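The two complexes that follow have chain A in common; it is paired with chain B in the first and with chain C in the second.
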Partner chain A sequence: MSIYIYGIIDSNDRIDESIKGLNGIPVSYIPYKDISLVISSFNGDIQDITKIKVLEHEDVLDRLMEKFTVLPFRFRTLYNREEDVVSMLKDFYNDFSEDLGRLRNKAEFDIKVIWSGDKIIEEITSDYDRDRDISAGDESRGKLFMEQAYNKYKIDREFEERANICITVIDNFFSRFASEKKLEKLKSKNLLLDAFYLVDKERQGDFKEAFDSLKASSSDLQYLFSGPWPPYNFVRIEYGKD
Partner chain B sequence: MLNDTVNSLDLHRAKDITLLEVLDKALNKGVIISGDLIISVADVDLLYVGIKVLLSSIETMESLQGRHIPKRQFK
Partner chain C sequence: MGKIETNSPEMFIEEMERINSPLPERINTGPENIEAGLGKLVLTLIELIRTLMERQAMRRMEKGSLSDIEIERIGETLMKLENKVQELKELLGIKDEELNLNLGPLGNLM
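Take a look at the complex of A and B:
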């Protein structure tokens, strides 16, 4: 029997509400000073890892988020002995407390922006090809190769510049609602932006309204919105990673 | 009727997308405290686990529909 960890909450109060965790086992709490670790017992192995278990993990965090600030632990954090869990809680109390303070009453929102990257590259390429045709003549293969390589570099650079312009406009629009953000640019040609914003719970409505208005005003870009999430992207504690 | 079907497909797609978000976050993000203290389930690469989860059958996906997945929007 192992101990499965869901996360940490900013309360040490007795919590009467029953929340079911992995395998339907009710979660319990290990309080320490002003925080608590949320755990449940776990009996299983890697073969049992399914989507349902990931959703059960997330469901616990969602329920906790309704009342507390939550530091989400990564799925599959398991300890064998309770004394090790308590020891970890004490050792990392200051780090947990600092993160909880920074994230208090805030939630994560994700915005994905999709554009027609393939088409844009085609447009840029066709512009460069046209320019090249004008100057085309009898050229050596070496010169042609260099010219093609240089054109590719210029096309990539222009593509990136266009992306950066769009991203700056979009990010400026949403940043005013957020205390922190993480931007992942051009994860693929068509996924222009995958952005994570940390937004105060009181401003969530404004943030969603802003999203809706931007989405309605743009026909060239496709916007996807999800949230509120536990602040997975904004926790800073990664001790012993790899 | 057609609208119902379209709406149902949209809803299904939205759920799938949200599910992918859940998997991405829960498997790849969040607090990590490892080292001597932690004993993970097995020495299996997280990414491999992620792919394995994503490649589960459609039947499993459908069985999830009755579950409380998102109170999130994904438009």
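Take a look at the complex of A and C:
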């Protein structure tokens, strides 16, 4: 029998009603000082925890978030022995407490933005081709290769500069309501931005309003707003293990 | 559960699938596919080095610190390297988008 870990809460109190975890097994709590680890027993190997179970993991965290500040553990965090879990809780207590303090009353929101990356590259390329001196004569193969590579380099850079301008505008809508943020730009040509913001509960309404006004202000971009989520992207300590 | 709101669900599903699908979480090496698995890893590293060399050359071209002879020589080298990588990819049946590694929290290698 292994121990599946969902996260840590900032209390040694618990929710009165039972919460069902992975495979419908009720979660239990291991308290230590003023925090508790939330776990459930798990019969099987890590390979048995398929991606489809991520919703069960998420559901437990959501229930906990209604009452506590939660430090979410990575999906699929499994320990074999209870004594290892207890020792991890004791060893990292100070780090857990620090993270819980930083994340108290905050939740994560994700903003994804798609732009017409392919079209923008085409546009830059055609502008560039129009302005380029095409009087090149009998250039050698090596030089021709370098010229083509250099053209591509300049087009890529212009593309990135345009992306940065657009990201700065988008980020300005949200960053004033967030205490921390993580921006991942151009994960693909079209996915301009994948941004995570840590937002205080009291400012979540403002954050959502900022999204609504951004959406209303531009019809060229596609947006995805999601949250509130447990603050997966803002936990600093790496304590989960496979 | 957190709420999800979007003006274009299909586009996001398609984009996320495209980003996630070509990158395996692990390189699959077993007795039957050891050549392809190792080949992919070696080619990924060669491609990384080639890209870094090319970017360095581009920066130097931009600054005007390369002579015509140097441009010619570097161009020949990079071109031959690119052709060789292409040949090896075809030989091992590896696609362009497979030449990458997911480095977890650090993102993708290239």
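Heads up, the rule we're going with is that the second predicted complex is superposed on the first by the 219 of 242 C-alpha atoms of A that agree within 3 Å, B and C clash if a C-alpha of one lies under 4 Å from a C-alpha of the other, contacts with A are read in each partner's own complex, and residues count from 1 in each chain.
Here, contacts are C-beta pairs under 8 Å (C-beta built on N, C-alpha and C of every residue); 3 or more make two chains touch, one makes a residue touch a chain.
Quantities reported herein were computed from a predicted structural model and do not represent experimental measurements.
After overlaying the two complexes on the shared chain, residue contacts for A:58 are found with chain B and with chain C alike. In the superposition on chain A, contact of A:142 is made with chain C only, not with chain B. Contact with neither chain B nor chain C is seen for A:31 once the two complexes are overlaid on the shared chain. In the superposed model, A:150 lies in contact with chain C only, and not with chain B. Look at A:215: by the touch rule set out above, it reaches both chain B and chain C. Of the two partner chains placed around the shared chain by superposition, chain B and chain C are both touched by A:224. In the superposition on chain A, the chain among chain B and chain C reaching more residues of chain A is B. In the overlay built on the shared chain, the residue A:188 is in contact with chain C alone; chain B does not reach it. In the superposition on chain A, contact of A:114 is made with chain C only, not with chain B.
Across the superposed pair, chain B and chain C both touch chain A at residues 58-59, 62, 215, 223-229.
Touching chain B in their complex are the following residues of chain A: 2, 7-8, 44-46, 49-52, 54-55, 57-59, 62, 71-80, 84, 87-88, 92, 110, 208, 215, 223-230, 232-233, 235, 237-241. Listing the residues of chain A that touch chain C in their complex gives 58-59, 62, 112, 114, 140-146, 149-150, 153, 184, 187-188, 190-191, 211, 215, 222-229.
Taken together, the chain B residues at the contact with chain A in this complex read 17-19, 21-23, 25-35, 37-42, 44, 46, 49, 52-53, 56, 60-61, 64, 67-75. Listing the residues of chain C that touch chain A in their complex gives 1-8, 11-12, 15-16, 18-19, 54-55, 57-58, 61-62, 68, 71-79, 107.
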